[in-house]
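Once you scroll down, you'll see the structures, which are given as structure tokens.
Each of the two complexes below includes chain A, the first together with chain B, the second together with chain C.
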Partner chain A sequence: MEVALFYAFASLAILSALLVVSLKNTARALFLFFIVLFAMAGLFLFALADFVAITQILVYVGGVLILMIFAFMLSNKELLADLQNKSSKFLSLPNWQSLLLAIGFLAVLAYGIYEWQEHYPQWITENIRSGAIIKAADNNIQELGLHFMTKYLLPFEVISIFLLVALIGAAHLSRKEDIS
Partner chain B sequence: MSTLILYILVPVAIFLFIALFTLFAVYAERKIAGFVQDRLGPMETGKFGLLQTFADILKLIQKELITPAAADRILFALAPVVIFVAVFIGFCVVPWAPDFMPANVHTGLFFLMAVVSIDAIGILMAGWGSNNKYSLLGSIRAISQMISYELPVGLTLISAVMITQTLNLNDIAFNQGILAQQDIYLLGIWRVNEIGGFLSWHIFQAPHLLISYVIFFIATLAECNRAPFDIPEAESELIGGFHTEYGGIRFAFIFLAEYAMMFLVAMLGVVIFLGGWNTPLPNIGSLRLADWTTGLGWGIFWTLLKSLTIVAIQIWIRWTLPRFRADQLMTLCWKILIPLAFVCMAISGLWRILILV
Partner chain C sequence: MISITHFLVVSAIIFSIGLYAIIAKRNAIMILVGIELIINAAILNFVAFGRYDKLNYGGQVFALFAIVLAAAAVAVGLAIILAVYRKYKTINPDNITDLQD
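This part shows the complex of A and B:
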């Protein structure tokens, strides 16, 4: 049952992602992107990362995706037509960059699978032996909160400052100029 | 096998409840509107017009499904489904009675917030898919309003969660009555674990949560797009807002989602701030009122009673207050509600550190 669900989510994510990049209709592609994100959230659940899964929906669907759709709706038609009329030559620059990125990422993944098939890394085997593993019924969110406030306090605070800077920047950019 | 049947039965039961509640609430809405405006409301169909909403839904189901020629067919057809399902999933983590809820998860509240925000995508889909100026304007208004008002809702919920220290809605409800697993104090001073009743509700455990609840109530009114925050479907300017082009069963689903959302936020407010399924009657000496009125049946009864009271207040407000202007709406949210919610959150933190220790 769980394996079937996993493959259902995985294939949903891959198929809709492929559709997103190949669709001509930008509006539909944006709404399809929602399905990709949702399926990704489902996959996070299988890694017992329920907090990450929900954050994925909250941040990406509730925030980023809506912003993208807004930007799409408020931009003018000529700009969009310009974006869609890319040169169809295979060797044009954007294609090369994305190809390079894709190959690099594939290499990393393949290397990971190849390495881990032989034997798990030492830290994983050690943790399994000492029983420091997450089970499905554990209260992950409490652990997460405790770790944020103790072990990882500095990174957490740095991120907070970073977000505050972004917020102030956004407020400054959107402020009306004083005409006087 | 039996769990599988349960998995199917529970959503069906919740759906039936939502449908029944909507029929009842629309009738109540009309009757209350009639009362406020000094007229009778529906009187023709059935005794006191009781069958009026059944007649309405029968009419909606019979209607033909019309898709405008210029509409994006797929998005247009999917939007009502997305809108309804987003609200419908929200019901799966809210407790009705002690340990009586569809899914008992540690991240309940967070999950609910995330899932309900999907609603916005559905509204945007409806607005864009209709290919109609009024629909698009309505949906853009709806989204800007929902996104803005999600902030005070989230902040007030955080201020309550900081007191109770859990995101599990079941535990939150437990910690507001005689079944509490941790020590609870009235106003932070008087231990009320044995007394229970309304004294142990969150709004009385810490007085600033009362302000939080008022903010939460106002902001959730805006989240449901109800008057006085109904500029997304302001009839005088936008015809019908994002659901202008919808008719028949599709419109019925959008309508259903709106009323389900009303009940969901009412119930969420009840669970977080007003004690959930806990009884309002305290134990007084040998008069064990709280002990007698706690249990499965009583829990469902109290949840329903409190939530329906909140829904009644929502309806009352709709027919009493005039509609806000768009800029007034944003001023209220960003300049009044959000700063106040931040103050409540700060007080919650201090309260937890200094008073509850």
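This part shows the complex of A and C:
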């Protein structure tokens, strides 16, 4: 049952990601990107990371995709240009070149996974032996909060400052320039 | 209990799709979508390996950091795209050829 659900989410993610890159219409591709992100959040659940999955849905679907759709609608002229000149050259140069590159990279990664043959690193085997792996009954959110506030306090603060700086920078970049 | 190989294969495929989107697309927003796909593949790997480390919770903690970084990258990237569109009236990276106006 678990494996079947995993395959369902994985195939949903992969198929809709393929559709995202193959569709000509940017608006449809963006809405399909929603489905990819939801399916990826479902995959996170199978790795017992429930808080990460919820954060993925909140941040991506609530924030990032709304921003992307806004940017797409504000630069709307591209839609017409896309529809006009893409259809004539389906197998134009950049398309098959990048397809070749992506498939080559996938082949390298798949070869690496095949050669690996599930030889786990030492820390994984030791943790499996001593039982220090995350189980389904664990209280993930409490543990995450404890670790954020103790062990990972410095990265947490650094990333807070970084997010503040990035958002101020984004607001500064997208302001209306006064014509003087 | 899903083995770690399943996660690795799925994230490798998503990574390659994102790479294709970055190289092939003629639209800056779709290039940003490709970057997001790659970041999501990386987060999936973080989470899949983090399941075997209960003492540090490093996988999930850094997956959350990666989500925050991706959100910041998208905010700045879309602001840049809008500024470029205001000046050039296009968001095709092939047509943006000047560094200054």
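Assorted remarks:
Assume the second predicted complex is superposed on the first by the 130 of 180 C-alpha atoms of A that agree within 3 Å, B and C clash if a C-alpha of one lies under 4 Å from a C-alpha of the other, contacts with A are read in each partner's own complex, and residues count from 1 in each chain.
Quick note on the criterion: contacts are C-beta pairs under 8 Å (C-beta built on N, C-alpha and C of every residue); 3 or more make two chains touch, one makes a residue touch a chain.
In this text, all values refer to a predicted model and were calculated from it rather than measured experimentally.
In the superposed model, A:66 lies in contact with chain B only, and not with chain C.
Note on chain A: of its two partners chain C and chain B, the one contacting more of its residues is C. In the superposed model, A:51 makes contact with both chain B and chain C.
Within the superposed three-chain model, A:140 lies in touch with chain B and with chain C [touch as defined at top]. Touch criterion met: A:27 reaches chain B, while chain C stays clear of it. In the superposed model, A:168 makes contact with neither chain B nor chain C. Taken together, the two complexes place residues 51, 55, 63, 70, 140 of chain A in contact with chain B and also with chain C.
On the side of chain C, the complex with chain A involves touching residues 1-10, 12-21, 23-27, 29-30, 32-34, 36-37, 40, 43-44, 47-57, 59-61, 63-65, 67-76, 78-83, 85, 89-92.
For chain B in complex with chain A, the residues that touch the partner chain are 72, 74-75, 105-107, 110-111, 113-115, 117-118, 120-121, 124-125, 128, 136, 140, 143, 147, 150, 166-167. The residues of chain A lying in touch with chain B in their complex are 25, 27-28, 31, 34, 50-51, 54-55, 57-58, 61-63, 65-66, 69-70, 73, 139-142. Chain A contributes residues 2-3, 6, 10, 13-14, 17-18, 20-21, 26, 29-30, 33, 36-37, 40, 43-44, 46-49, 51-52, 55-56, 59-60, 63-64, 67-68, 70-72, 74-75, 77-78, 81-82, 86, 94-95, 97-99, 101-103, 105-106, 109-110, 113, 116, 118, 120, 123-124, 127-128, 132-134, 138, 140, 143-144, 147-148, 151-152, 155, 159, 162-163, 166-167, 169-171, 173-174 to its touches with chain C in the complex.
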